[in-house]
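Shared between the two complexes below is chain A, which pairs with chain B and chain C, respectively.
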Partner chain A sequence: MDFFVVQILTGLANAAALFLVASGLSIIFGVTRVVNFSHGSFYMLGAYIAYSLMTVLPGFIGFWASILLTGVAVGLIGLIVELGVLRPIYKSPELFQLVATFGVILVIQDLTLLIWGPDDLIGKRSPGFEGVVKIGDQLLPAYDLVLIFLSFLVLGGLWYLFNKTRAGILVRAATQDREMVGALGVNQSWLFSGVFFLGSALAGIGGAAQLPKGGADLLMDFNILAPVFVVVVIGGMGSIPGAFVAALIISELNVFGVQLLPQSTLVLMFVVMAVVLIFRPWGLFGRPEIVGSHGSQGPPEAPLRAFSGRLWLVLAACALALAVVPLFGGNFLQVLLADVIIACLFATSLHFILGLGGLVSFGHAATFGGGAYAAALMVQYAETPMELALLLAPLAAGLLALVIGWFCVRLSGVYFAMLTLAFAQVVWSIAFQWSEVTGGDDGILGIWPSAWASSTTAYYYLVLALGIGGITTLLFMAYTPFGYALRGSRDSALRSEAIGINVRLVQWSAFIFAGMMSGLSGALFVFAKGSIFPTELEIARSFDALIIVFLGGVQSLFGPLAGGVVFTLLQDWLSRFEYWRLCLGLMIIAIVILLPNGLVGVGHWVRGRFGRNADPLSDAEEEAA
Partner chain B sequence: MSFLEVRNLSKSFGGVKAVNEVSLDLNEGELLALIGPNGAGKTTCFNMLYGQLPPDRGSVKLNGQELIGQTPRRIWRMGVGRTFQITATYASMTVMENVQMALISHHRGVFSVWPPASRRHRDEALALLELVGMENQAGRAASVLAYGDLKRLELAIALAHNPRLLLMDEPTAGMAPKERVGLMQLTADIVKDRKIGVLFTEHDMDVVFAHAHRVLVLNRGEILAEGTVDEVRADPKVQEVYLGGGSTFGGAEGESAEGDLADA
Partner chain C sequence: MYRKVIGLTAAVAMAANVMGMGTAAVAADTIKIGDINSYKRLPGHTIPYKNGAVLAIETINASGGVLGKQLELVSRDDQGKPGEAIKIAEELFTSDEVAMISGSLFSHVGLALASYAGQKKRLYLAAEPLADALVWGKGNRYTFRLRPSTYMQAAMLAEIAAKNPAKRWATIAPNYAYGKDAVAAFKKVLMEKRPDVEFVTEQWPGLFKIDAGAEVQAIEAAKPDAVYNVTFGGDLAKFVREGALRGLFKDRLIMGLLTGEPEYLDPLKDEAPEGWVVTGYPWYDIEDSAHKSFVEAYEKRWEDYPRIGSLVGYNTMLSIAAAIKKAGSTDTEALVDAMKGLSLDTPSGSVTYRAIDHQSTMGAWVGTTTVKDGKGMMVDWAYKEGANYLPSDAEVKKLRPATD
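Up next, the complex of A and B:
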């Protein structure tokens, strides 16, 4: 009995930080409709800043003053992010804001490294609560009770704020209908900034408060992100009681999960999320999202044009140029170009669902890494030849996409994005925790191509053939009735259903098809590198694809190709610098703000300015005439 | 037996009886107008007929086949077309492609890969566009069309699968007065040619009086009156409840100044 009480209390204490971070994310999303990816970074900053403050401010009062000051400091940092990064792009489509906050993650990561160094920091014990409390024959750190008290205090405080104060009621009103609140004369800019300050401060306090238990390290930002997303998805976006209940569920689950199934702790919370979403697709306390009720969708896309003769020539010339590279280019260039082609295939497969289908997936790495792991496992355990592995890996990735897609296409918008991310984390945690099979963190090594393809040049040609084949198939599909139906479901699901098209089935099929192509790129990747690690399943990998698509331009079929080339070369060049994440992050933010239509958009602009015939609509009219 | 039979359709939201025991019949080639003040239950009726809202009670039979319990997709396959109060078209496709998509779906070609979508059923699509007078805009993007043209495009899409029944929710809402009569005239002609039954809701009394064969007046979820245009106009109950005085009905057909309840 005592054992259970202590376990439950431990779970409650663990829930505290999770709840603080999740409620902050929820509040920010509720009002601004921005899914703030950098929220995990604010949590990490909270831990680091509190650590520094606690070394300066001594004693009991110093400890708590540090936590409060950290809240203010992180809130201010959040405010800077809101003013500097998000305010210029509130009118842009949601995806832009997401990518921008991802840029913020990279910047904060490197700044933290720069200021506090690479070593993990161990937090000081909380003065006055260093000891343990005895419950029966079980021991509980006294600080756990403090954390439990703190989370109830914050919950009560937020309840008071949102129900009893004018500012809080305005925020709630804005959550329901921010245009109406604007029409009533409330300054939305202030509201947004205020909410960002509050949400960031909560994340900072969360990071500071867990310091005596968990310390501070550079992986905190991504590590908290997945559980926080799970919590807000289970609880319902924008709901604070939801965040509280869900944080409790997840934390208790973890505590008891460690006792019962120590190998599956990471997967367990995602299973719970999946179960909740089957019965309540908008979370326990969430409301259904009204389609098109928020977020700017951007200007409508121009109709697809048939490939002109000139375009065919350009594409053929590109393929030819790539084919003759080995004649004069060295091994280094061939390896780099193989990377470029793999990245292009990976990104084009994401663009298929994201650009054509409007399904913004944050978890595309699941099928990339899934395909790579499938190929590696087949080679490792069944001595499958490379040729067969390259054939089967896309099927395995497609099967994975079939399962993930079944859950995800039931949702739309932000919920879809969060759920795909969570599923990618499931796949990651399986690869990471099931070390008997996957090798865990050490990965799987020695996965090399067959003898005939083992030279750099031979493998380059293999990547070129399969990569261009895959990309061409994806582009071709855009022109088929299936591709049109996919675009139609993005334009107007209502219309699609009204002409007998099963929108979910179309989206699900597209998800599976894109997953297969992504799996092919993963399989090509694994034979190119000879090894595979769980990092290929990480959030950062999913974001590589997102950034490429975004960089190239979402509204163009060729966007992912342009983006893939530029991004891979840029990354190759930047990674030679020590603080390349900082550069990349700043560059991403700059692109989001300055080039909203991506590289292809710049191309159109240049043609519009200096060339003839740049307006696709006028082309379409000419065609009709 | 009429080919559309609606019997005792009812739906409550909380304690409010939005639609209460509504029954109606519709024959082929007939234009039946469903009118009533705001909140009378017209849209609720429509949504139940089209499978978007399950009724509490009642049945809807098309040629003896029950529609209640079917999905909108299934109902469309059974030969029911629908246009929306606020147009829903594919903004990133051309006018022609919008119609082609309906034809592709009708011919069950959504999951086929060859030939490309834009090369399919071109003649059929063009014929439909000619029918609604949109053939010279076939290559334009749907996103740049004027609202009246979008409404006509929707009509062409709705006709693509040769429907037996058309449900039109405020077909002329948002259009200029002159365009309204034109669009309804067009609809009436097509309906007569193809023997399609049309059930439409409408706020513009000019449109209703000029084209409806029969009129059904809803008020607070119940049928208040039913009959020909003249019968309904003369009905004192309708004049009192629906018009709150009824001077508007004094206007002759086609006089939009007095006839337009929506603008009143």
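Up next, the complex of A and C:
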């Protein structure tokens, strides 16, 4: 009995830090609709800043003063990010801001390394609460009780703020209908900044408050990100009590999972999230998104222009240019370009559902890694020749997408995104955990091309042929009746239904088709690298595709191509410098601010300067104007 | 106009660089060595590694280099991604024209590079990755490894565990390949020597995602006599803190794989566990003169003390220099033949690259932890020769399908 009490209290204490961080994210999302990937970075900063403060402020008062000051400091940093990075791009296409927050992650990672150095820091214990409390014959750290108290304090404080103060009521109103609040004369920018300050401060306090139980290290930002998103989604985006309950559920399940099924810890929370979303698509305490209430803030997207003959000519010229590269370029250039083509195919397949279908997937790595693993497994266990594996891998990935899509297309918006993320994590954990078959994180090795394609140049041509083939097919599909139906479903599901389009079916088919193409890029990847590891199924891989699509420009068919080329080359080039993450992060932020419609926006600029016909590529995105 | 010209020149220069023309002027009097490591993912480990490697290169060059040529280290960050490491390896070999590559910390990156080396017939000396498969199950002619593997270090601890009366064992290890290998090897060696022991619970927290309070509770509930710990880094700090508070370590034998390495022990400061039996690196107490001068040189060069990574980095470069000297050229096949059975003296003693499985015989230090002057230290330690903790040759042949 005592054992269970202590287990439950341990879970509650774990829930506390999670809740603090998640509530901040939830508030920010609820009001600004920004999916803030950099929230984990604020948590990490909180830990580091509090660590430094606690070394100069001694004693009981110093400890708590440090935590409060950290909250203010991180809140101010959040405010700077909001004012400097996000404010200029609120009018961009929905979710575009996540690219900027990704840049912020990179910048904060390198700055933290610069300031605090590479070594892990162990947190100071909380003065007055260093010991343990005896519950029956079980011991519980006294600080656990402090954390539990703190979480209730913050919950109560937030409840008071949002129910009893004018500012809080405005925030709640904005969560429900931002435009209406604006129309009633409330200064939205002020509200956004305030919310960002509060949310970031909560993340910082969360990072500071967990110090006595752990410490500060450079991997904290990404490690907290997934659980926090899970909590926010299970609870319902924007709901504080929801975040609290979800943090509790996740933490308690974890505590008892450790006890009963120690291997389960990797995937438990994602399974819970998937189950919750399947049965309650808006989370436990969330409310259904009303169609149109949170749509893109910019002007509605104009239809794509028809492909002109000239455009085909340009594409053919590009392909030809790539085809002659081996005549003068070295081995490495071919390897690099093969990477670029694979990234472009991967991103274009995401763009197919994201740009044309309006389905933002955060789990596109599932089909990329799925295709790669399918190819590798076939080679490993059935001695399948490369040619056949390249053919079958997209089918396997399509099958995977069929299953995932069946669950996901019932949802929309951020909930769709999070469910795809959950499924991607489940696939990842299968590859990771089922080591008898997949080799676990030691991966599958020795998956090299057939003899005829094993030279760098031969494999380059293979990637070029299949990559361009896949990309062209994806572009072509946009103009087939299926593509029109998909675009129609994105623009108005109601009207599409009315004219006889089965919206769900169209979206599901698109999801499967995109999954197949993504699987093809994964299969090309595995033969290029000779091995496959669960890292290719990680969230970071999905993010790569998202960054490329948004960076390139989500409203243009050529966005993912522009993004793929620029992002891959930029990363390759910058990684030669010591602080490359800082450079890459700043460059991403700069691109995002200067080109709020993505890289393809350059086309407009070029045309503006050199007259209409300077750049035929930009014709295709003129529709945005 | 002027700015445009500058921009154009820069663009051309960059393009030329990308195309591999920028390296046309390779100086004939240097031998380049490619270095690939996760300098951003776990800098606490990889930066000391690089410092050790650079120190070795500088020392070798100061005494005339190898074959009359200077060594040059070309370092690149693999971002902790195997695919990235493969791309960089290709660039290092074809654009930078390095003689061979070395480095890497993560096992999966090391395994990917090993696979690449085998396929492309290019030499790779794995410095730090611990995975047993690297030289056994997935071993190949072109891959060698310096650091004592998971199996070797686990066997060192199992040997001591077998002498202890403890019968009921609990294990806690991060839920990934290294953790699983480390538990499996420990169990295998211990059970061979002590068939009477039983493993009462196995805990598998996610790497860097430990829920320490719950883990400690779960182990405590199984009432073990002894605990075998494989967690490290931030997980270790949390585990130690919760375990100490909740009395898990009281009157129990606790063993820690790698726990004594400065990378993991030092961040714990005065909370470092006392009385654990661990593998590690007591650089502060090693009296051997070669090691003493290594520590002196390192501290002078970097104004920091060496970590285990520093020693590995240093020994890696010494190994490469010795191999090139023995081969008399930088031809890959000659180098591979030279690496087989290569013996050299290092600050940590003599090291041999076994011809049978390409694993070096570099050992590790096993001792007991204590806290001195607010810092974790190892006492009563002994250096365990790596060669004594490897399976028999017949077993190795079974483990390693590669014939070469």
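Following the convention adopted for this analysis, the second predicted complex is superposed on the first by the 576 of 625 C-alpha atoms of A that agree within 3 Å, B and C clash if a C-alpha of one lies under 4 Å from a C-alpha of the other, contacts with A are read in each partner's own complex, and residues count from 1 in each chain.
The definition used in the following text is that contacts are C-beta pairs under 8 Å (C-beta built on N, C-alpha and C of every residue); 3 or more make two chains touch, one makes a residue touch a chain.
Remember, predicted model here, so these are calculated numbers, not experimental data.
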item: Which of chain B and chain C A:544 touches, first, second, both or neither; value: neither
item: First (chain B), second (chain C), both or neither touched by A:94; value: neither
item: Residues of chain A touched, compared between chain B and chain C (which is higher); value: C
item: Which of chain B and chain C A:306 touches, first, second, both or neither; value: first
item: First (chain B), second (chain C), both or neither touched by A:82; value: neither
item: Partner chain(s) touched by A:488 [first = chain B, second = chain C, both, neither]; value: first
item: Partner chain(s) touched by A:221 [first = chain B, second = chain C, both, neither]; value: neither
item: Doubly contacted residues of chain A, that is, touched by chain B and again by chain C; value: none
item: Complex contact set, residues of chain B against chain A; value: 71-73, 76-77, 82, 84, 88-94, 96-97, 101-102, 104-106, 109-114, 116-118, 120, 137-141, 143-144, 157, 160-161
item: Chain C contact footprint on chain A (complex, rising order); value: 3, 6-7, 10-11, 13-14, 109-110, 113, 118-122, 131-132, 138-141, 144, 213-215, 217-220, 223, 251, 254-255, 258-259, 262-263, 265-266, 328-333, 335-336, 339, 432-433, 435, 440-443, 445-446, 448, 454, 456, 525, 528-531, 533, 535-536, 569, 572-573, 575-576, 578, 580-581
item: Chain C to chain A touching residues, read off their complex; value: 14, 18-21, 39-41, 43-44, 47, 76-77, 79-84, 86-87, 90-91, 94-95, 107-108, 111-112, 114-116, 118-119, 131, 133, 138, 175-177, 180, 201-206, 208-209, 211-215, 217-218, 221, 233-234, 237-238, 241-242, 245-247, 266-269, 271
item: Footprint of chain B on chain A - complex, ascending; value: 300-304, 306, 476-477, 479-485, 487-488, 490-492, 494-495, 497-502, 506, 509, 617, 620-621, 623-625
